[in-house]
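Have a look at these structures, which come just after this line.
Common to both upcoming complexes is chain A, partnered first by chain B, then by chain C.
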Partner chain A sequence: MNKFLKTTAAVAVMAIASMGMATSQSMAEGKLSVSVALDPGSWDPIDTFLVAWGAVGSNIFDGLTERDTNAKLHPGLATSWEVLDEGVRIRFKLREGVKFHNGEPFNAEAVKFTFDRLLGEIGAKGPQRANYTSVESVEIIDDYTVDFHLTQPDPVLLTKLAGYGAMIVPPKYITEKGEDYFNTHPVGTGPFSFVSYEPKVDLELKANPDYWGDVAKVSELEYRFISELTTAVAELQAGRLDIVEDLPISMLSVVKDDAKLDVVSTAGPTVYGLRFNTRDGITANKDVRKAIVMAVDRSTIIKSLLAGEAEEIASFQSSLSFGYDPELKPLPYNPEEAKKLLKAAGVAPGTEIQIDIRAGKPTFNEVVQAVGAYLQTVGLKAVIKPYENSVFLNDIVPQGKTGALFQQSWGGWTLDYDNTAYLLYHTGQKWNPYGTDAKLDAMLEEQRPMTDVAKREELLKNIAAYVADEALEMPLYGLKAIYGVNKRLEGFVPAPDNRVKLNTVSIKQ
Partner chain B sequence: MAESMKKKRSFDLSMELIVGATLLIVILLSALFAHQLFPDGVDKIDLLSRLTPPFAKPEHPLGSDPLGRDVLARVVAGGRISLLIGVTSVIGAVTLGVTIGLIAGFYRGITDMLMMRFVDIQLALPFILLAITFIAILGGSLINTIILLIVSQWVQYARLVRGQVLALRDREFILAARAIGVKDWRIIVQHLLPNLTGPVIVLMTLNVANNILLESSLTFLGMGVDPTIPTWGGMLAEGRSYLQTAWWVSVFPGLAIMLTVLGLNLLGDWMRDQLDPTGKTSL
Partner chain C sequence: MAGFIVKRMLQAIFATLIVTLLVSYAIRLTGDPALMLTQGAGSITEADLARIREALGVNRPFLVQYFEFLRGMVTFDFGKSFLGGTSVGLLIKGALPSTLVLAFWSMLVSIMISIPLGITAAVHRNKMVDQVIRVFSLVGLSFPNFWLAIMLVLVFSITWNLLPPSGMVGSLSYIMPSVTMGIILTATNVRLVRTTMLETLNAQYIMVARAKGLSERKVLYKHALRNCAIPLITYLGLQFGGLLGGIVVIERVFNWPGMGTLAFDAVGARDYPVLQATIMVLSLMIILVNLAVDIIYGLVDPRIRTE
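Up next is the complex of A and B:
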C-alpha cells in the first residue's frame, strides 16, 4: 500500500513536471533581469514622477498614445485622434478588444475613470496632476470614442498622454480592491503583468499573452532595485542582470572590456550647462558672457571626460527636443577672441569668477573643474563652490544668490523646448532668478497656445536663437542615455528616457 | 636579565620615535613645499592624458587622474588641507573634551551632572543633521569645517576622560596628594592628566584619520573646500567611481592617509610611554 502510494505520487509529480515543461515551451522562454536605481514604493501611475517608475510602468501600463525611441508619436490604446475646435477638444477612437491583466475590458469608461481620478481628489495627492491641468473633462461619446475637453490648447498634451500619470488604469479593479492594494498590485494593459513585489528588493512580472501589441518574447521579467551603480555593474558582469540603465561614464570601459557585455547608447533628453548671473558683476555684460563661453573647449570635454557619450548643444535642449534647430551652432572655441572681448570689456586678468555647483555629482564635478581650467587660460580665476543639493535648488538659485555662473541640468521626458525655455527664461519663474527680458517673455507667451505645429516649432527655434545670441548660458552638453547590456539579448533598442519597452527583447540561447 | 630587557625596550622606543617622526616630517614638509616641488603639476589639467597609469610616463610617475592632473603632485599637495583639518580639529576636540572631562570627573556633583547631560544631548544629535544645520547657519568654509569637527567630537574625549578620572580620583596617590594639601589644579595637571594620556592618544590617532575622511564626505553636503584644491579625502571620493578602471586615483591618497596615521600612531605610542608615569616603573 505504502509502496503503491509512493509510486503514484512519483508518477503524479513527473506528470505535473512534464506538463509544466510543455506549457513553458509553448510560450516564450527565459527571464530578463533589469536594474532600477530606486524603488518608487507605489506602482500607481499618479503617485510619482520618478524616472524609475517610468522605466517599469511603461511595461505594465499603456497610454492612449505611445512614443517610440525616436520620440515619434504612435497610436497606443487610442487608434486615432482628431484635434477639434481650435485645439480645445480632442476626439480619440479607442482600440477594441483590449483587456486589462485581470480580464476587465478596456473601453471609454476606463479612460474617463483614469482622468477623473487623476484630476480629482486622489490625483491631487500626487505630483502627476500638475502635468495634465489643461484637461478640463473627459466625455464618453460611445464605448470606444471619447472627447477630451481642454481649458486651453496644450501642444504637448498628446505626448504627455504617452506616459506617467496618463497611463490607463482599470476602474473595477481599483474600486473593488482599493487604492492601497493597487499601489502594490498594479494592473494595466501592458505587455507584462504583475506577479510579486517585495519593497526595496524586486518586482516580478510575467509576459501578458493577450497583449494587443507584440507579445513579449521572454516569459519573465524581473526588476531589481539597486541604488549603487557599482553593484549593478558587478551584477551585470556576473550575469545576474541583463540590463543596467544610466551607466556612469567612469564605468564605461569596465563594461566595454567585458566580452559578454555591450554598451548601448542613444541621444537622451538631459542637458547640462552653466547659466550666467546676468544681473550682477562682470557677467551682466553680454560680451563677457560670450567670451566665457568661447574660452571653454566644449568638444574636447565631451570627447575626453564624457568618452564621447554626449552631444554638443547650442541651446538648452537635446537633438530629440521639439524646437531643436540643427542649423543653430554653438559659439566656437576661441580663446584668443575671448581674451580680446574680455580686454575690451575692461575685465582685468586674474578677476575671480565663482561657479556654483551641486555637490556629489562626480561627472559634472569633473566637467566644471575642466571648465575652470579653461577659464584660467583666458585670465579668469575660477572658484568652484559646491552646495548641498536642497540648499542649491531651494535657496541659492531661486533666490538669486549664485556666483557669476551656476549649474543647470534639465531633463524632462516630454522633449518639448517650451517645457524648458518657459521655466528657465520667463520673468518670475523659479529657475529664472535674474532675467527680466520683455521681448523674450512675449516670445515665450506667444507660442504656448499655438496649435499650428510648424509655426510653433519656428517660434521655439527663434527663442533658442535669441537666448544663444544673448548668451544667457553656457550650453555644455546633452548626455546620452547609456545602457549596459548583456550580449545574450536580442532586439534591445535603447530609449532616450529610460522607458525601454521590453516586449521586443528576446534571449539568445 | 632585568637590565637587558630595559635596554631592549629603550631601543624600541627610539625606533618608534625615529620612524614616526620621519614619516610625519617628510609628509608635512613635502605638503608645505608641494608647489615648489611640482612647479606646474598640482593644478594643471590636461584632458588628453587623462587616467595615465602609474610608471607609464615620466611626467606622471604615479599616473594621472580623470582630469589629467598628476597624482603624485596632488597627493603631496593634498596633505596640506587634509593634515590641517585632521590635526587641528583633533587638537581642538582634545583640548575641549579633556578639560571638560577632567572638571566633570574631578568635581562631580552638579557640575558633573550638567556637563554630562550636555554631552548626552550632543551625542543624541546625528552628525549629518549637525553638519546640515551648520551649513545653513554659518555656510561652508575651511574654518567652519574644523569647528564642526571639533563640536561633533569633543564629547568622545569628555566621556573617556571623565570615566578615567572617576576610576583614578579615589586611588591612594591622589588621596595622598590631597592629604598633604596639594591644590586641586596641581592634582589635575600633575597627577591625573599624565595618567590619561594612553587612551586619549589612541583615540586621537584614530580620529585624525577619521577626520581626514570626514572632510571628503562633507564635500558631498556642500561644506567642504573648493574641489579644485586637492585633499586626500576628496581624491579618495573622486577616485571611487574609477576604482575598477583606474585604481591609482584613489589608492595613492589612501596610502598617504595610511602612512600619516602610521606615523601618528608610532609617535603617539612613544609619547604615551614617555608621559605615562606607570610605564617606567611597571616593567
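Up next is the complex of A and C:
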C-alpha cells in the first residue's frame, strides 16, 4: 500500500508539474507511454548492449554522429568532420550552445571525458568498450574542436560514434555525483530529461525545452518494463500504452483487428537463414547446396508465414546494410532444377538431411517446418533437431557439431556487412566452424582498413556475391522492425534498430 | 518448545544452503553472462569477453564464487546485479513486499471462497449443490493458471476496460492477479474443506452438540470448523510455499514487480547474483512459513500444547 501511496503522490506531483509546464509551453502536451522488454538496470551508455537501453537511451543522450531511420549518418553533437592522415585522425567540429540537462555546457572537454572514461578503467568493466578499441586518444584542439587519434583506420567508426557507448556524458555531473548515482539518474543532451526511475517498474522522462534539435511535442514520456509481449499488447489494447516494439508475427492480427491500433513496420537489421555444414556429408558439395536453396520457395514463406513483414535477401544482410547490393538476386525457386542437380551429384532420393535450430522460437520454427516440407518435394528427408539456446550457441555451432543445415540469425547494429561477413566467413572465427577459404579470407582482410568508402563498398558487394555463388548458406529473410502503435499518435516514424526518437511524436486531441 | 524451534531453524539453514548450492551450480551450466551482455555487439573478441568475465567475477572457480555469496548473505550484502550493477538487496527490498502482498490477497480470496463452499458441499453431501461445487473445483484444478489470467484480462481490461491489464498501479490492479491465484488455490481448498468437514461431522461430539439443541449454524462454525482447523492450517501453510512458486507465472502475465519477475529476468540474463539471492529469500520464506505452521498448531490445539 505504501508503494501505492507513493505512486499516487508521484503522479499528483507530476500532474501539477505538468500543469505548470502546460501554461508556460503550450506546444508540449500529453504523456506518451512506451513498453520496454527488459530493465537494463543502468542508464549509463557504456554498461550495456541491450536494445532496451537503445530504445530509451537514444531519447536521453546524443552522440557526435546520429543515424536516421533510413540508417543514414547525420551530424549529431558534431556538426562536421574531416578524415585526416590516411584515416588515423578524424577532426570533429562540435555544435555550440548545447547544454546537458543539468545545465552543464557541452564542449570538447565533455567529448574527451566521455572517451577517456569509455577507454579507461570504468569502460573496461563494461561491454561497450569493445567497439571503440580503434580510438587511441581524443585531443582537445579548442573548445569546439577535437581530434580523434586512431590506432588504425576504422571505416565503421563514424557509425559506431552513433552507437550506445559513444553517447556523450556530462563530466562535472559524473565526477561530482559518482558513477553509481549516474547509473540511476542519467543526464545527457537529448530531447528528454530524467524525472524518476523505479527498477523493474518504469522510467519517467520529461521534455527538454532547450534541446538543440526539434523540441519534443509531448511533455512526458514514460517507459514501462514489460517482459511478456502478450501483456504489453493487452496494455496497448487497453489504451494504457502507446507504442509496443518488436511485435511478434503471431500477434499481428490482434493489433491489426483493433480499430484503435496500427501496425507500423520498416526494414530491420536482423536477417535469418540456414547455413550449411560445408565440411561433411552431401552439403560439402556446392551443387547440392545450390539445389537445396533452389528447392525452397522463400517468397511464399514470407507471404504466408510472416504476413509479408519480411524482405527477401540474397546475402546475409538487410537492405539497410552497408555493402548491400540490390543487383544481387537470390537463387530462384526451381524444384525441377534442384532435382536435376541432386541427381547429378548422386544424392539418392530419401536421403536424410538434418536441420539444427534453436528451440522456443515459434515463428522461425514454423519457417523451418515449411523448409522441411519443400525439401521433401525434391526427395530429401528433413529431420529438424531443436536445441536449447545456450547449448546451441556454445556447444553445437562453434564446435562444428551441427547437422547439414543450422539456423543463424544476425542483427549487426552497425549495419555494416563487414561486421557480419568477417565473423561468419573468416577462417577460425567462432561462428565459422566449417569454412577455410583462403580467397574469402583475403577479401575480408583487404576491406577492413580501407578508408575509400566507395572501394570498400564494392569489395563488400564482391564478398556477398562470392558467398552466394559458393552457396555457403540459404538466406531466408530479413525481418522487419514491427511496432504496434495507438492511432492517437502523430508523427511516429519506425526505426529499424529499436532506437525510435520520440521528439517528433505528438498526441492527437 | 525452544529446543524444537532451534532444531527447526538449523534444519532451515541447512535446507537453504542445499537449495542455493543447487541453483547456483545449475544456472552456471546454462551459459555465459558475458555472452548474454554482449549479444548485441558487432565485433566482440575473446579478450573482451575475458575482460568482462573478470569484471563480473565469474572467471573464478565455482566454489570461490559460492562462498563469496554465502559470506555476503551473512552480512546482508547480496552483491550487485550483472545487469547495470544495481544493488541486489535494493531489488529484493522492492520486489519482496509486492509478492507477499499478492500472496496474502490470493490466500484471502481463496479462504473466503473455499470455506463457505466446502462447508456447503459437506452439509449437502451427494446432493445437487455438492455435485455442482465439486465439478467446478475439478474444472478449476484442470485449467492452466495463465489461461485464466489471459481470459480475465481479455474480459475486464480489453473488452470492458474496467481494470488495468498489468502492473501494480493502485488498488484496482490487485484484483485480477489475486483472483487468478485465489481461484487456482480454491479448487483444491474446497475439496480439502469438504473432506475434513465430512469427517468432523461424523464425530460424536457433533452429535452431542446437535442433541443438546444448538443451532446448526453454531454446530458448524463453532464446533465443527474449529476441529477442521488443524489439517486446514497445515495444508494452507504448505500451500503458501507452492503459492510462492506459482506466483512466478502469474507475476509475469500481470507484469507484477515482484520476486517472480525478478527471478524470471535474472534467468534470462544469466544474472547469477540476483537469481541466487531471489531463490534464497524465497526458500527461506517457505521454510519459515512451515516453521510458523508448527508453532500455530500449538496455539490452535491445546492438546499439542500440553504434550
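Definition applied: the second predicted complex is superposed on the first by the 483 of 509 C-alpha atoms of A that agree within 3 Å, B and C clash if a C-alpha of one lies under 4 Å from a C-alpha of the other, contacts with A are read in each partner's own complex, and residues count from 1 in each chain.
Everything below uses one rule, namely that a contact is a pair of C-beta atoms (placed from the backbone, for glycine too) under 8 Å apart; a residue touches a chain by one contact, two chains touch by 3 or more.
Quick caveat, the model's predicted, so the values are computed rather than measured.
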Report task. Label the relationship between chain B and chain C on chain A in the superposed model as either fit or clash. Result -> fit
Query raised in the report: Which holds for A:Ala55: it touches chain B only (first), chain C only (second), both, or neither?
Result: neither
Query raised in the report: Does the superposition put A:Val83 against chain B (first), chain C (second), both, or neither?
Result: neither
Report task. Figure out whether A:Tyr387 sits in contact with chain B (first) or chain C (second), or with both, or with neither. Result -> first
Query raised in the report: When the shared chain A is used to line up the two structures, what angle, as a multiple of 10 degrees, is there at the CA centre of chain A toward chain B and chain C?
Result: 30
Query raised in the report: Counting only touches as set out at the top, which of chain B and chain C does A:Met251 meet: first, second, both, neither?
Result: first
Query raised in the report: Is it chain B or chain C that touches the larger share of residues in chain A?
Result: C
Report task. Pick one for A:Ala471: touches chain B only (first), chain C only (second), both, or neither. Result -> neither
Requested in this report: Pick one for A:Lys200: touches chain B only (first), chain C only (second), both, or neither.
Outcome: second
Query raised in the report: Does chain B (first) or chain C (second) touch A:Leu261, or do both, or does neither?
Result: neither
Requested in this report: Give one of first, second, both or neither to describe whether A:Arg224 is in contact with chain B, with chain C, with both, or with none.
Outcome: second
Query raised in the report: Once both structures are aligned on chain A, how many angstrom separate the closest C-alpha atoms of chain B and chain C?
Result: 5
Requested in this report: Check chain A for residues that touch chain B in one structure and chain C in the other, and list them.
Outcome: 230, 389
Query - In the complex with chain C, residue positions of chain A that touch it - result: 1-4, 7-8, 38-44, 47-51, 124-127, 129-131, 156, 180, 183-184, 198-201, 224-228, 230-231, 234-235, 237-240, 389-390, 393-394, 411-414, 416, 419, 422-423
Report task. Using the touch rule from the top, collect the residues of chain B that touch chain A in their complex. Result -> 43-45, 47-48, 50, 66-68, 132, 135-136, 140, 219-224, 226-228, 238, 240-245
**Report entry** For the chain A and chain B complex, residues of the former touching the latter
**Finding:** 230, 233, 248, 250-251, 253-254, 300-301, 304-305, 358-360, 362, 365-366, 368-370, 372-373, 382-389, 391-392
Query - Contact set on chain C toward chain A in their complex - result: 30-32, 34-35, 37-45, 48, 51-52, 55, 81, 83-86, 90-91, 94-95, 97-98, 101, 150, 153-154, 157-158, 161, 164-171, 252-255, 257, 261-262, 264-265, 268-269
